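In what follows, a structure is listed as structure tokens, so that the remarks can point back to it.
In this document, chain identifiers A, B, C and D correspond to the written order of the chains, with residue numbering beginning at 1 in each.
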């Protein structure tokens, strides 16, 4: 975890109320932050606005070739709106990387991996998918594996990153598929059927008969609840990235807890911290 | 008095911690504000920073040929510093013009006019000097008059606007002197003697034997007190522009009063409002 | 039903009433931030306000405190004006006719250094036409006698309420101080002695120090803190008061938007007043009124009264 | 006197002491904003702090409130954590050794649902090495029993102070609630029953409403407001407490800079704690310490103690 200044390299609206912001390290320690950052982790962006004093937790969408941190966030309120108005060249304090991230090592021994993103839960799954495709997902025992990426949206008008996910296929963005040993399939669903299959991601998975040995997911709570139920039914691990209102982001304030099914060994009560113990939890551990 | 949006045309530091900001009307009513604005009046600049909610009262330094309002202000605290950081092209709410301004008509019948500016009190005296030179200062009875402009600074390093005042001489910035009938003389003083005469403005006036039938002044309180004493001694009117911490700027809150020598007919107590009854007061009326 | 009628139905009703007085909408200014002579009439149309609330009016002219009287604070400000005012006769001769000309309701805020002065002012105003209500300032933290001394002790608040109640036929609003352990107790004290409404909150007693000069920033030493900074405390107090008494409440404290006003009303206020933000955004009263209307339209609420105290 | 000696003299003394405990500088964190396991040790060097103040520790594990537990407000925030903590035994086994490793003073904040729980925790900690002081939380607005119930009534505050005083040899600090009419009365109640110091202010009870969903924003309904928004009230209360009692005071409430800390100390605080701003700027504790030093150098003040309570 590092705290320091970064510079806004670019900031643009990629869709109504959705911002893509790319930050470059200004201090060398922040290069360390980039180096350590993994899929499913997040950063705290500290707004320079003195009336909005809580930093905003934003999941890392990508690390660019230049070694910059890329974020995609929704303009949900004044705080994120103000962040979005900062001009390229502005400086910003950032705490990163934070949280546990997705356990890539758990995918090593699994043959069929399913990555699910819903709505604003899609961006961190890009970083994860890239990591799963590029490295870390193969082992001697499982030389060949399937990666199903399932992305759900409300409708075509709310699509994000569909081109970037398509781009994961292009040979210049990843090593040779055969050598790497991971074959992947991209699926789209939308609630109104305006893009991809009609229905939600679980409808799509059922309809296409996608089978999984492990699931990674991020998205709205009803979607995560559905995945939790499926994982329990099939007895497979599902790692879910959760959201809660946060203040500190580092495990200090206990603002962002979620309920656990049994007493947690750190808190000694049925609470875990999304910021520090999560944001990624095994679906069998938490109450949603 | 108008309240509306203006656009920052330019904003630059003209000296350490001194900002020159030029604002153009964005709404047509603000063209009215420019049209009505006179020397000695001020504007309230409403910062877009939601943690610093009080507008900043800034005296009008000039109206440009383009019909823009120009302001010069010191970065005294975070509020003015934030204002100074706004980029050209940014929008700002402005209430203007405010206050009574200098009574130009009082100079009409006077032969010897003295304008005195000290430190950060110099900028509004530029607007006033321009007005006195260009118009409004002549009448049938007093066809020829002398205007002495006396500017005081702490030292050469704190000079502002000395070139602009020199520029008032240049023929393209004012009508022909003979026709106009006002001859003017520019005097500089500095406390440490690093620029102009050594000493304060009153030392200079005494030393040079400058005689006045009327005085207009803006500057630090000790300077104004000195002028008040001189005016009383000589029995001449001195119009002083005062400063106080303000909230509303329009006479509503009674935040910015100064004491008067006798009961004021509006307040019915010995208080007048700097923002509404002033900022320019006859020196014989107020306690300094 | 015709299309035309449906279109009419879309425009929500903003009318609210307090102690039998009907206000065309629930938005008024808070006392002291708006002048007494239509200072903001060049910016907004004052006839569109629910009411105009005057600055504090005392029996005789008050000089108020020394300067500085105001200071900025994070998302707020402090003031220690000390209720400077030209006294009730000047108010009646000079200010009231101007205010009446704007054509909306008039609430006169009254203050006193003693029970006797409160009584005298309320008696003087009791029969005056064109004054709809009196608001009793028992909570100004910036005057040594009267003001907050009456506003932080339920017994004294009862006493001043009772005294004023006897002297005037106008409906009276008691303006409550937030500098208390229990706002509910204060509201109950006002209710039990015949107040028609309570307004809250007045400002918090606060202090700012000039550390270079080693002295208080304000001439008065302390001042009253107001603005968005304290809005969440104001909402809580309005909620507590609304659950303690049956009196209608005028909610105030850092309202900066229609959303803030709606929040106050859901907490239990029948009307709202905007104070400090008047300085920050001179058009705020009309902005808030319009934002309330837009919220009601968005949510399909036909009448503002539906949301009062729904929490 | 040699030039070298003069150069040494330029570095001002930051040491302060409270109830006989010496702190290398007056800057500590406020309870609850800093974790218990060195959560910020990757950002700042914790050995440079005047003290580390723990989160509230109760006798048994506390689950705290539901979520959301936090909300942003203008220049501040609300929280309603509800003092979730794993209980005193886990604290002693797991957290205290970590905290002691940082090599500065340790103040343990204790909380209880009843007088008995306060007594039990203070007794349990009484003999533990490496704990320098206990801070008694009698002012948390977010727990139904205990907490603020003890902190807004001078009689109950006396009772809890007396009870704890009997059970522990450690110096005790009573942490006072600002939700009272008279902070001076509360400070006197603590002093009269043998408290060694008071710390103030805890948070203001506040409320935020989600107007679209028509429900409280925080799961707990109300929450405690803190941050720069309420700093001017905190300064006033520290000033009032300092003029009411002889006890040393730890001043807190919205400190965001060295200037804010100096203000608190001039108002009467012997040390300061930084709370909410820890989230906004994780390096703040060290920033504040350095800014205090720079101010003293600028003003030619050789010892921080010279400015304590000069107003």
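Operating definition for what follows: a residue touches a chain if its C-beta (ideal position, glycine included) is under 8 Å from a C-beta of that chain, and two chains touch if they have at least 3 such contacts.
Quick caveat, the model's predicted, so the values are computed rather than measured.
K.L.:
Quick one: which chains contact chain B and chain D both?
P.N.:
Output, common partners of chain B and chain D: A, C.
K.L.:
Taking contacts as defined above, which has more of them, B-C or A-C?
P.N.:
The comparison resolves to B-C.
K.L.:
So which chain is farthest from chain C, going by the mean of the CA atoms in each chain?
P.N.:
Looking at centroid distances, A is the chain farthest away.
K.L.:
Could you put a whole-Å number on the gap between the CA centroids of chain C and chain D?
P.N.:
Each chain reduced to its C-alpha mean, chain C and chain D end up 35 Å apart.
K.L.:
Quick one: chain A and chain B, Cα centre-to-centre, how many Å?
P.N.:
The answer is 58 Å.
K.L.:
Nearest whole angstrom, what separates the Cα centre of chain A from the Cα centre of chain C?
P.N.:
48
K.L.:
Indicate the residues of chain B shared as contacts by at least two other chains.
P.N.:
Only 50-52 qualify.
K.L.:
In chain D, which residues are in touch with two or more of the other chains?
P.N.:
In chain D, the residues touching two or more other chains are 74-76, 227-228.
K.L.:
Tell me the shape of the graph of touching chains, choosing from line, ring, star, complete and other.
P.N.:
complete
K.L.:
Name, in rising order, each residue of chain A that touches chain D in their complex.
P.N.:
Residues of chain A touching chain D: 1-3, 46, 50-55, 79, 93, 95, 244-258, 266-271, 276.
K.L.:
Which residues of chain C touch chain A once you look at their complex with the stated criterion?
P.N.:
Chain C reaches chain A through residues 74-75, 228.
K.L.:
Touching residues of chain D toward chain C in the complex: what are they?
P.N.:
Per the touch definition, chain D meets chain C at residues 73-76, 78, 152-153, 179-181, 204-209, 211-212, 214-216, 222-223, 225, 227-233, 235-236, 239, 254, 256, 259, 262-263, 266-267, 295, 299, 307, 310-311.
K.L.:
Give every residue of chain A touching chain B within the complex, in rising order.
P.N.:
Chain A reaches chain B through residues 49-52, 78, 87.
K.L.:
Chain D touches which residues of chain B in the complex?
P.N.:
Against chain D, chain B makes touches at 50-51.
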